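Structure first, then comments.
Chain lettering (A, B, C and D) follows the sequence in which the chains are written, and residue indices restart at 1 in each chain.
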Amino acid sequence: MLPNEIFDKLKIEFGEEIISLNEDPGYEPSIKVEPTNLVDIMLFLRDEEGLEFDYPSCLSGVDLGANLGVVYNLYSMKRAHKITIKVEVPKEAPDVPSCELVWRSFDWHEREAYDLLGINFVGHHNLTRILLPDDWEGHPLRKDYVQPDYFHGMKVPY
Amino acid sequence: MGLLDRLDNPYDVGDNIFLGTVEDVLNWGRSKSDWYMTFGLACCAIEFMAVNAAHFDFMRFGCIPRPSPRQTDFIIISGTVTLKMAERIKRLYEQMAEPKYVISMGSCSNSGGPYWENGYHVLKGVDRIIPVDVYIPGCPPRPEAFMDGMVQLQSKINHQAIFRKRKEMRPEDIAAIDQRQIELKKLRAEYEAYRIEHLDLTGVDNVAK
Amino acid sequence: MSEIRDVAIDLGNVHTEHMKLNVGPQHPSTHGVLRLMVELEGEIVVDVVPHIGYLHRCFEKVCEQNTYTQIVPYVDRMDYVNSMNNELPYVIGVEKLLGITVSERIEAIRVICAELDRIASHEIAVATFGMDAGAFTPFLYLFRDREKILWVLEKLSGSRLLYNYIRIGGLMRDVYPTFKDDLRDIIKTVRETNAEINNLLNDNKIFVERCANIGILPPDVAINYGASGPMLRASGVRHDLRRVDPYSIYNKLDFEVCVGTGTMGTVGDSWDRNWVRMLEMEQSLRIIEQAMEMITDSSEDVRAGIPKRIAPKGELYSRAENPKGELGFYIVGDGKAKPQRVKGRSPCYVNLSIIPEISKGYMFADLIIILGSIDIVLGEIDR
Amino acid sequence: MESNFILELLGNNIWAYLITAAIPLVFVVVYALVAILGELKIASWVQDRLGPMRTGPWGIIQPVAEVVKLLQKEDITPRNANKPLFNTAPFVVFTGSFAAFAVIPYSSKFIPADINLGVFYIFAVSSFTVIAILMGGWASNNKYSVLGAVRSASQMISYEIPTSLSIIAIAALSNTLSVSGIINSQSGWFWNWNLLGGQGSAIKYLFIPFLLVLFIVYFVGSLAEANRTPFDIPEGESEIVGGYHTEYSSMKFAMFYFAEYANMYVVSAMITIMFLGGWNSPFGDFMNSPIWQAFWFIAKAMSFVFVQLWLRWTLPRVRVDQLMHICWKVMLPAAFVSLIGISLLGVIK
C-alpha cells in the first residue's frame, strides 16, 4: 500500500488528528500526527485489514530545536510496506502516550528516548533510565546539553 | 633478573652452580605464572579473545584464565571504561589478591580514545581510578602489541623489590606509606559505619526495589 | 540418660525465599558488561531484569559533532565483531540521501566484505555459545578460522578488526591481485571446519540435550518484540532484509533464507538459533562465490566516486541485515556537514529485551544458554 | 607385613610408619604437578595450540612457578565469611583426598596400609570432600559459592550410590573388600582381569556385558565424583563463576586445586584396582617384578587420568537435572541389573 493510501485511510478514521503527509524528495514518506490519540492510531495501524504494520522497526527521539520529536518507523511483514509516523511535542511539556503495549519492542526504545532526550512517555510501566546511571542529571542528546565536570568524584572532561 | 636468565649468566662460583636470591625465585614465580581475569569490556576484548585463541596462544606465557578475581594476578582493562562501569572496575580491582597488576589495553582505557572529546559518559583513562602497570596503545592493539605488553609486564615483575627494609627507603616513601595507612583506617571506619546503617543490604548490590 | 525430647517441626513456619543473584557486569558468560538481576527459586529462574548501559559510549552524541565521513569509524565500533556490516547500512543511507550510486563492481566488493564479516561474526557467536555450554575446544577451532578471514580483511583495509573500509561513494582502496585466491582458500577452510564443528558440537548429544527445547520463542511474540536476524528466523519466520527489502546487489544473488525447523526440539529453541547461524555461514559462502565472479578486473578507480562535500538534506531510515538482525540508521540531515541526528537501531538491543519473556521457568544454567543463543554484542546494545 | 617392604626392612617402629606415610605424600605432590602440567598441555594440544612454553624447556616447570606464585599471594578472608569454617574447609578437602592414598597400592610389595576393608575405606574417606565443599561454599557468604556447594553436594551424594553398587558387585566377584585380595584375584594374563570376568572357566565370558556396564557406570560415576567435565557443574565457569571456591585465594585455593587432582588419581586407581588387574602385568609373569608392578599400576591409573583430561576438553557440560536423571534413572537400574548378574557369576564360580 502506498503512503498516500495509508494517509487517506488514517484521515478517514481519525480526521483532524492526522496532520500532514510529507513526500518530499530526499525524505522518506512520513505522516505527522497529533500525540493526543496516538495509541489508537497505532492500534489501527497494527490491526486494520490492509495496513497490518506488525513489525516495529525503530523509534527515535529527535531534538528539533523548540520541539522534541518522536519518529516511529513501522514495517509490515504481511504486506511488505513501510511508513514513518511522526509526533512533535513542545520541550516544556514533552508528553507522548506510550505505545509499549502495542508493540512490546518499544518498551526499551521509549526508555532510551526518555533517558537521552527526556521525552516523557505517559503510561509506560517502568520509565527509568536505561543506558545512563540512575542518578545522572540531564538528557545528553538535547542540543543544549553541557557535559558535567564531575560524576561521583571522577573527572569527566579530558 | 629471573632465575632462568641466571642460567645463562651465572655468578662465577664454579661449574654446575648458580646462585640467586630468594627474591629472584619469588619474582620468577610471579612473572611466569600470571593468571588473568576473564573480563572483557569492548572492542579490545575481541582482540584479546583472539590472543587467547589458537593462533596467538596467550598460554605460552603461562597466563591462565580464572573467572574469580580472588585468584587472579592481573586484570586487563580491554576497552572503553564508562562512568557507570568505573565503580565496578574499581571494586573488582579491590577484590583481587595482592600482588596484583593492571594492563590497560587500547586507546580507550589509556586516555578515552576516540571518545575523548564528546564522550560525556566515558572515563578518559582508566588510570584515573586504578593504578596501571602497562599501557598498550592501539585501537584496538594488534595481538603482537598485546604480547609485547605482556613481556613488558613480566620484566617489570622480575625487577620488583619484594623485601624492602624500612631504613633503606626514602623518607617520602615512608611518609606515603604512613599516609596510606591512615587513609585505609579511615576508609575502614567509613565502611563499618555504612555497613551498620545499611545492614539489610549487605551482599546485595543495588537490588532493584 | 537425657530425656527423649519430642522435636516437632512446625511446617507452617518453614518458608523459602527467592534468591536474588546479580550476574555481571563481570561474569564469564555475559559476553561483555551486561548485568542481569536474576531471581531464583532454587535453580529455577523466576525473574530476569537486564541492566545495560555499562558500555554507553555516546555514539549518537558523537555523530552530531562529526562530519558524515568521520562517523564511519564510530559506526565500526558499534558492533565491533562485524564492522563491515555496520558500515554498509550507514553508507548506503548517506548515499541515498545524496542520490549517488556506485558501480556494480564496488557493490560486489562491499558485499564480499560484509559476508566475510558475517561469517566471522557467526563464528564468534557459535564459539561463545559452545563456551557457555561448557565446550571449550570449538571456540579455539573457530577462532583459528576467523583469523584467516581477518587476514584477508587486513590485507584489504590495513586493519584487523575495525576497518573503515567502505566509504561514502566508494571504497578505501581497490582489492589486491590475489584476493580471489584468498577467498577460495577461506571458503574451503570454513566448510571443512564447519563440518568438524557439527561433529564436535552441534550433533553432540549432551549439547543437543542442553539446547533443544530451551528458550522457545514463538513467531508472533518475536515479531511483536521486533526481533530480527537469526533470532527471528529460528522461530520460523522467513524474513531476511537481503531478500525482502534488497539493498546493494543482493537481488542479483542466489541464496536461501534459512529458518529454524525444530530439528532437535521445538521451532524457535536455542538449538535452532545456533543452527540457523551454521546454515547462514554456508549461504554466505555461496554469496561470496557468486559475487567473486562480478569482480572483473578493470581500471576503475574505487575512490573516484567519493564526493568532495557531503551535506545532504533530508531524512531516512536505512536498514540492512546485520548478522545479529536488522541494523538501521535513522539519519536526519539539515544541509550542513554534520548530521542533525543519527540514531542507531541496534538488533541486539531489541533481541536482548526479549530475554525476560523467554527465560522464565527455565533453570539458571538454561538462562546462560539462552543468553548465548541470542548472540549479543554490548557495544551495539549500549552504543 | 609382606605387603610393605619398608616395614620388612626397618621393622615395626615409628620411623618405618613415618616413611610409609611420607611416600604417598611425595607421590601426590609430584603427581599433582604432573597433572597440572598435563592439563595445560593436553588442553593445548587438543585445541591446536602449544600451551606454556616459556617456563623451562617446553614449559615443563610451569606448575612449579604456579606453586611459587600461589605461596606468596595475599590470603583473603572475606569480611562477612564464617571464618572458622572458611579456613578449615581447604584442609578438610585435602585430608579427605590424601587419606584415600593410605590404601592405594603401588606394587605387591608396597601397599601403605593393607587393611581388609580397603576399597570400602577409600569410598568412605572420599566422602570427606563433600563436607569440605559444603563448608567452604556456605562459609564464603557468596551466592555463587552456595549454589556451587549445594550442586556439588547433591551430585556427589547421588553418584555415590551407583558407584557403591559397582563396588559391591566387585566384592561379590572377588569375595573380598581388601585391595590386595581384589588384585590378587585378577593375577595372571589380562583375560583374568575383572573387566573380562576375573579368573574362572569359560562360562565367565557370558557375563562380560554385565561387567562392561558396571565398568561404564563406575567410570561415569567417578567422573561425577571428581567434579570433572561433563559433570563439572559445581564449578562450571560459565554459570556460577568459580563455584564453591570463588572466594578462595592463594594457598587455600591451591589446596582445592590439589585435592581435585588428587581425587582424579584416586578414582583412576580405583578403576585400576577393581577392573584392570591392579598392579598385575597384562602378560602373566612377564615383566611382573615388584618394580614393574609399580610401573603397571601407575601407568594404568595415569591413562585414566588422561582420559579424564581428554574428556574435559571435548564435551560440553550437562545440566543439574540431567545429571540427576542420568544418575537415578539410567545408571542406578543398570548397576542393579549388573549387580544381580555378577552375583550369579560369583555363585557359579
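General observations
Note that contacts are C-beta pairs under 8 Å (C-beta built on N, C-alpha and C of every residue); 3 or more make two chains touch, one makes a residue touch a chain.
Please read all numbers here as calculations on a predicted model, not as lab measurements.
The most central chain, judged by C-alpha centres against the centre of all protein C-alpha atoms, is C.
Note on interfaces C-D and A-B: more C-beta pairs are in contact across C-D. Computed from the mean C-alpha positions, the centre of subunit A lies at a distance of 45 Å from the centre of subunit B. Separating the CA-averaged centres of subunit B and subunit D is a span of 36 Å.
Separating the CA-averaged centres of subunit A and subunit C is a span of 25 Å.
For subunit D, residues that reach two or more other chains under the stated contact definition are 47-49, 143, 237, 241. Among the residues of subunit B, those touching two or more other chains are numbered 38, 54, 67, 84, 117, 120-121. Counting only residues that touch two or more partner chains, subunit A has 131-133, 140.
Taken in their complex, subunit C has these residues touching subunit D: 19, 21-22, 27-29, 43, 130-137, 140-141, 144, 200-201, 204, 206-207, 209-210, 363-366, 368.
Residues 52-53, 56, 58, 60-61, 64, 97, 99, 221, 223-226, 237, 239, 244-245, 312-317, 319, 326, 328, 330, 332, 340-341, 343, 345, 349-350, 353, 357, 382-383 of subunit C are the ones that touch subunit A when the two sit in their complex. Looking at the complex, you find that subunit D touches subunit C at residues 43, 46-49, 143-144, 147, 229-230, 232-233, 236-241, 313-322.
Those residues of subunit A whose C-beta lies close enough to touch subunit B in the complex are 131-133, 140, 145, 147-148, 151-152, 154-158. Residues of subunit A that touch subunit C in their complex: 24-28, 54-58, 60-63, 71, 73, 77, 80, 84, 103-105, 107-109, 112, 116, 129-133, 140-141.
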